[in-house]
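Below you'll find a set of structures to go through.
Two complexes follow with subunit A in common, the first pairing it with subunit B and the second with subunit C.
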Partner chain A sequence: MAKSLGYPKDISAKMKGAGMERFLKSPNITGWLLASPLALVLALFLILPIILIVVVSFWSATEFSIVPDFSFENYAFLFGSSVTYTVFLNTFKYAAITWAITLILGFTIAYFLAFHVRSQTWQTALFLLCTIPFWTSNIIRMISWIPFLGRNGLANETLISWGVIDAPLEWLLFSDFSVILAFVHLYTLFMVVPIFNTMMRIDRSLLEAATDAGASGFQTLVNVILPLTKPGIMIGSIFVVTLVMGDFITVRFMSGSQSANVGRLISNDIALLQYPSAAATAVVLLGTVLMMISAMLRLVDIRKEL
Partner chain B sequence: MRTGHDLELAAVTKRYAGGAVAVDAVSHLFPAGSYVCLLGPSGCGKSSTLRMIAGHETVTAGNILLSGKDVTTLPPARRGTAMMFQNYALFPHLSVIDNVAFSLKMKGVDTDTRRKRASSLLELVDMTAYGDRLPAQLSGGQQQRVALARALITDPQVLLLDEPLSALDPFLRIRMRAELKRLQRELGISFIHVTHGQDEALALADQIVVMNKARIEQAGAARDVFNAPATEFVARFMGGHNVLALPRGRFALRADAVRLGPEGTEAVVTGVEYQGAHVAMTARITGDQEILALIPEAQFFTDPKSPGNAVRLAWDDHLLHPLTQ
Partner chain C sequence: MEPRPCSFYILASIFGLFLLFLYGPTFTIAILSFQGPEGGLTFPMRGASLHWFRDLFQEQAVGDIWGAFRRSFVLGLMVMVTTVVVSVMGGLAFRKRFAGSAVLFQLVVASLVIPSILVSLGVGLMFSQGGLGVHWATSGFGAQLTWTLPFGLLIMFAVFNRFNPAFEEAARDQGARAWQTIRHVVLPIIAPSLVGVGLFGFTLSYDEFARTLLTAGSYNTLPLEIYGMTTNVTTPVIFALGTLTTVFSFVIIGGFLLALKLAQSRQAKAGSDAGKGV
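The block that comes next holds the complex of A and B.
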């Protein structure tokens, strides 16, 4: 066609090339192209599985078969059963207690590291010390509590030999205590890191300005450091809350299968091949966690931290 | 004249753990109600001196007295001083008015009272309209006014300013400098202002304290320090001076006292710089000494010189100011 319009062939090809080049160089297109690999990965490995779970949650199941369907029976069963509420409540309880303890511990540790450790070498060294538990796997860290907390474990034997107690404490292991202890052990660092990070960005002259204005150490903490650390606290809280809400293995090991949370509900369903029921529970859990996070994000603007 | 609110440093020394001496036995009397500039190159100890007066740095040895009371070990808020920080150090999460009212909140003053007091201070610095804004929404000059108001709300006898104008652009710097001077006159309290700019110090200070290598090199009225520099360091640091090594000793000679003349010392022009009102001409005389001459512009251009030209430089001998070192 180009020839009939009177253009030599190569010029027409060059024009086409230039058009393509201009198309590729337009800032909009570059942006889309740069974002697409991540978008593709997320679509394939996050969005698609979630859609599948939502779809499966409407299927129906008998003892031996799963039938593609659009029924609300899984949800109806879930919301009709008192077990669901007990288990969700238990999960909230774990999340709330773990959150409170990791927050207090995390804030204190981060505060100490950021404001009381003067030399940077020591800061780095102590910070690495905090990560030591993470050098080994999650499961091993949990299991290593068992010989320590058991009826004839180190803790009980030490307490008995000191004469603090006469009989071994039963609640040390396979109890809510041990579950929360393991959670705190596992997740405190997730609170320390973002809070420490935010604290390190606080301009030290602000603390001097507070002192100059007559603020005591505690007043500076409450009026200056705490408000400025909020974004870090919020990011740490999101980590801890989502991790605890979604956990099932810690609760199983540390409670000796005596306590339940939503994760265990799902894992039990899967073990019984009740995929639709597991999917429905997962959808409800996902919705709950998303609501919790959006409520938390409403309280504090974390964009400055990202 | 000694009045009640003088600030006195007596052999104040700051030695760091490593052994480095930041301030070496500095003694000085800051008269009440005066504008004093601590002037010196970076690392000369002027900021450490200020921070020790403020109480943000411990004093290794010596005493700081304010109104006749030893405040050396008192916490910053109980000294009667207030500090304005170099980067203003406004609390980013508090509105302008809450920033200003911060110290009253720490004292437990109720909200209405402290806001009323903060408003009156915002009025003093002409920032009433910005009370509800956050510091990030203000320009550099506005942030500085807020920082001033916050420092002044404690009714200090001495306001300490750590390079307050260094973060501003040149135009704003000159405007804020006039403002600082006006405030100091109105309030009648002492301002101690740390700076490394001699023009800033000359413009503002009733008294200039030139520091070098952890010691006070010279202190006195701005005009005395400029016209009669005690040492070669002061002469060079204040600028506008030539330091001449003559057989009789070393002398400071103001650059604007050097004339181009038909007679005088022979010299070769090495550089010519047009500066508006003046032309700064550098020339080399025998003994490899460079001399700077500030020549009124009109006069220079009646017979312009260029580098390489031979000229004769003259000055009145009574303008040679002997230097001690």
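The block that comes next holds the complex of A and C.
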């Protein structure tokens, strides 16, 4: 009797299947199933390490090892030292100058590609030429400045042979000049690509309308193209600012270890095995960068711009 | 066609100079790597020879560059495959809003903007303090993924923003299951973009320096090896190595671009025959 009241076996199995199906069809479940590898990698190799850095920044260090602790000593030392402020100021200086130059240069290049190159084949080819260096080694691209900027390098030889200068310029290599030059060389394409991308989505009839309304080419550029390109400019700026703020190798290599930025401060501590102190500096750097980026992200919705 | 304005010629010359700025140094070291045996790091050329390339192939002259190259190559392949698979899954996931998707997206952006030295230091500390030991294939691999995955995912966003859902609806109307729709409709359509994601995955890993610095352990990858050479090698052998790896990069990029082109033309051939019927 009880048996006949229950569902036949195959129906109850089907219902179970339907429940399973509904469970799998819920957007939250499928979403997380598909996103789980991504979430796992980010949790393991981004969140956990950052938490660890924050924890270690409160540890203390002896000459040979690091000891779990809860002391503010690392931060007290960091904020008590005048070197910290000089180095942070220097880092901001690099970021600001590099940002300004890459922005102007990147905008000009993207503008030329988007609005002055008429054939699509040429546009793709030239755009590709601008992006290929992104997929090659930064270290080698830095090394390749040596024969140019050195004391007996091409730049000095040329300037002397033209009679512009009598003695080789010493500030070409291993100076702030060469650091900024390398930054511009490495990172301009981070401006070109997003700006070009936004420019290509501008409706061309807007430009025609501007011309019809009597705007000159320059007025169209300033009043139509520039405002519409803002999202691309923001994305490029975020890239350039974070790359320069977090850099340690370009400054070390191109300044011949004569200039410092925050990244170098951290890597010097690491070289001395002073991990807690390196971690404290890293936490302050992270806070600074995240504050700058979140301010910039307020002005643009990245997902809409892709 | 209307005549080109004079601003075109000004901008074109700026663009030309930019390309010279971009590629000039690379070509300079390519020329200098053919220095004669007595030549130095700058011009003039003292004869022309393959001396420095020959040096590269002698084990003792420089460090373990071939081992480093092998490791970088394998690591690049590992990162490439992982980046493609994880990015496609992530891209599919983000097509629908799910609980926590906004937070996960913020995390992806954070992964892109957090200074690489923090990832390097953090992952390095995690593996060494956790007693796992730092190794390029474990900690190095994971640290590099935090840089390649955001790029892969952003490309997938761009792809799916332009994806026409009508294709999937058609597949579903004909009775295809979710997995069949993805396998036979979505994946073939996005295949060319996957080549692009692979290009980012491989090259960004192959050239990565900062994130591998503290996570590679006792065996160097190629960029680390090259960087080590800058501090103690003062001969054009470093230019020869630079030229060789740049040529290798160009070959890889060319290969990917060719594959992209092939995938696109295959797709065009196998695509819609609308309007071609009798």
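As a working rule, the second predicted complex is superposed on the first by the 277 of 306 C-alpha atoms of A that agree within 3 Å, B and C clash if a C-alpha of one lies under 4 Å from a C-alpha of the other, contacts with A are read in each partner's own complex, and residues count from 1 in each chain.
Here is the rule we go by: contacts are C-beta pairs under 8 Å (C-beta built on N, C-alpha and C of every residue); 3 or more make two chains touch, one makes a residue touch a chain.
All of these numbers come straight from a predicted model, not from anything done at the bench.
Superposition model on subunit A: subunit B and subunit C are shown accommodated side by side without a clash. Subunit A has more of its residues touched by C than by the other of subunit B and subunit C.
Looking at the shared chain after the overlay, A:107 reaches neither subunit B nor subunit C. Contacts of A:174 after superposition on the shared chain: neither subunit B nor subunit C is touched.
Of the two partner chains, subunit B is the only one touched by A:210; subunit C is not.
By the touch criterion stated above, A:224 is placed in contact with subunit B alone, subunit C being left untouched. In the superposed model, A:196 lies in contact with neither subunit B nor subunit C.
Legend: residue contacts after superposition of the two complexes on their common chain; A:187 is shown touching neither subunit B nor subunit C. In the overlay built on the shared chain, the residue A:99 is in contact with neither subunit B nor subunit C. Superposition on chain A places subunit B within reach of subunit C only down to 6 Å, the least C-alpha distance between them.
Touching subunit C in their complex are the following residues of subunit A: 27-28, 30-35, 37-39, 41-42, 44-50, 52-53, 56, 105, 108-109, 111-113, 116, 118, 126, 128-130, 132-133, 135-141, 143-148, 150, 152-154, 157, 185, 188, 217, 238, 242, 245-249, 253, 263, 266-267, 270, 275, 278-279, 282, 285-286, 289-290, 293, 297, 302-303, 306.
Listing the residues of subunit A that touch subunit B in their complex gives 203, 205-206, 208-216, 219, 223-224, 227-228.
Contacts from subunit B toward subunit A in the complex involve residues 54, 56, 75-78, 82-83, 85-87, 89-93, 102-103, 105-107, 150-151, 154. Subunit C makes touch with subunit A in their complex at residues 1, 4-5, 7-8, 11-12, 14-15, 18-19, 21-26, 28-29, 32, 41-43, 85-87, 89-90, 92-94, 96-101, 104-105, 107-119, 121-123, 125-126, 129, 142-143, 145-146, 149, 153-154, 157-158, 161, 199-200, 203-204, 206-207, 209-210, 214, 223, 226-227, 230, 238-239, 242, 245-246, 249-250, 252-253, 257.
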